[in-house]
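What follows is a set of structures for review.
What follows is a pair of complexes built around chain A, which joins chain B in one and chain C in the other.
Right after this comes the complex of A and B.
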């Protein structure tokens, strides 16, 4: 969907109507595959941020934390509480890094997409935005969650894990099998839809009224993207906790 | 933090070769909104975040301080209890020693009393023995004197005649007369 510029007498508009390019990707060729380079570039920026922050904050560790160390300790406690609420007291410990990674990567991706001025860098095709506005990213995260809860169930209960498909009654077997497919589907589409839709709305509003008016929408977008990160992490923890419980 | 253009200036040849370029128009438009959003975020979010973090810091320092206070209290109590234990041990030793001494003294007293009894009974035994011995000696003496007088009488009776008897009586009268004359 490209809003065309009216070119009458080839007048160059001082105000360039902003274009929204959906579906246009910046491709890189790696071997036989074509990858979406814009997602890779923004993902690298997110990774750099997420690595730099703890490294800087844990420089001078003190018993009574101050400043940045206090902040990341607070974040860690938040993630730990989240995991503990979903998975119970005994077995939440090993999964805190995984849930923390999910939460933080999605959160920083979404907020970096919404807050950083990516439009400064103009690519030949496509544009830089949040890495989670690409369905490939969100499907990858959802599949990771799927693999995680399968692994958790199998590791904890062995092959009796597959007994959960006939709980509580064998009549529900097809629904339980279907659930294994709908869980990653819903996770991926929820995140993808939210982020892409917010970006599109903001872009359309900017193209209509460039100043002030998009601001409430951007704030709402920040709020919903944060909620989406929280939801993804919570659901991941809930699925893992659910597959680990049982008669244990 | 360096500005964006500085990052890309040395790489400009690479950048333009790859088709990436720096956009400065939309730069203005959306950047204003972004700055607005960021300022609102910081303005409201900073207060909340700072109060949260300060709360957390205060709770942590309070907890640490409480724990340290309890630790010093506990060590003091331990110290005092140790001192009391020492005193109690010393008293216990004293009591034990005095008890032992008393036990010894009583034993000694019993032994002494027994010794005294023993000595007393020995004395009485000796006395009785001596008394019996003397009685026996007396008896033997009496026996011997009786026997002697008996034998004397027998011998007198055996060799005494009437004439000899008359001579003896005259002799004794004459001796008695001479004695009374003196």
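Right after this comes the complex of A and C.
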């Protein structure tokens, strides 16, 4: 979205004062398909950050950790604990990379959108922001989660996994099937709505009162976007854990 | 009101689709990026750091086990030391007692010896005194006899 800042004497019509254009994308053409280039560019920056951190931090791993190694060990411990809580002690280990990547990518995406000065780079159309403010990203993550929990259930229990649709009673079959659609829907829209709405609110506030007033909103945005990352990761782990254990 | 007039102008400007719900190739690209990122993070971050953390846990567990064994050894050494101390103490007291008894015995013997000597000398002295007394009595008797003879001679004139 783009906010047009105009000088006071230029304003003829009220609509010029703050026009928030939502949904403006910077398009690249690949073959006869289009992509949202602003999402790809910011996602590459996020990936670069996420890869640079462990490369730097694991350069000299010691038994007694200090500084950066301490931090990355803490993050890994946090992710392991999150996964273990949702999936149980025996089965959580293989899923730590998936849940960890989910949490870290969403967290760094959201915070990069809030903290990095993207506006410095002017795009011909649309602007750079958090990659998670685009429906493509959030639906991609939600679909990955869906595929993950299907795979987990089928891998662990084989075709008896489909027995869970008639648990606890066959009357609930339509609801259980519906759940397979609502889970990714809610995951994607929760993240998308939170991030996009936060960006919109901050953008509007900044266009109206640029100095102090947007700051509490920005801080709240940092907090809620971190929570959203945690929620997305926890729910993904919970769905996977649930499909592996089956209903009792 | 003016804002409403602005909407067609904005719509014309955005001849490309400016939609919020605009799905395109971005979605599968993001999926691919996520999977590649997952592989990269697993090999660069999760595996090495997990290895270090698990090794550290194992080392700590080993050290704890070692410490527990050491405390058994320490207890054994302590018992040994106490046993040695006790033996040494017993030995010294036995020695001391023996010494005491020996000195007491020798003292007793000496005492006995000197007592006997004293008694013997006493008896000797008494015997001496007795014999002297006898002698003196005998001489006295003789003198008394002489004196009485003299008196009789003097008193009875003839």
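One rule holds for everything that comes next: the second predicted complex is superposed on the first by the 226 of 248 C-alpha atoms of A that agree within 3 Å, B and C clash if a C-alpha of one lies under 4 Å from a C-alpha of the other, contacts with A are read in each partner's own complex, and residues count from 1 in each chain.
Operating definition for what follows: a residue touches a chain if its C-beta (ideal position, glycine included) is under 8 Å from a C-beta of that chain, and two chains touch if they have at least 3 such contacts.
Remember, predicted model here, so these are calculated numbers, not experimental data.
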Touching partner for A:63 - first (chain B), second (chain C), both, neither: both
Chain B versus chain C, judged by how many residues of chain A each one touches: C
Partner chain(s) touched by A:120 [first = chain B, second = chain C, both, neither]: first
First (chain B), second (chain C), both or neither touched by A:39: second
First, second, both or neither for A:74, with chain B first and chain C second: first
Which of chain B and chain C A:54 touches, first, second, both or neither: second
Contacts of A:96 with chain B and chain C, given as first, second, both or neither: second
Footprint overlap on chain A, where chain B in one structure and chain C in the other make contact: 63, 65, 73
Parts of chain A lying in touch with chain B, wherever the complex brings them together: 16, 18, 63-66, 70-71, 73-74, 114-117, 119-124, 206, 210-212, 214-215, 218-219, 222
Chain A partner contacts - residues on chain C that touch it in the complex: 2-3, 5-6, 10, 14, 16-31, 33-35, 37-42, 44-46, 48-50, 52-53, 55-56, 59
Interface residues, chain A side, partner chain C - complex: 13-15, 19, 21-25, 27, 30, 33-36, 39-40, 43, 47, 50-51, 53-55, 58, 61, 63, 65, 69, 72-73, 76-77, 96-98, 100-101, 104-105, 125, 131, 134-137, 139-141, 143-144, 196
Interfacial residue positions of chain B with respect to chain A in the complex: 4, 18-27, 29-34, 36-38, 40-41, 49, 52-53, 56-57, 60-61, 64
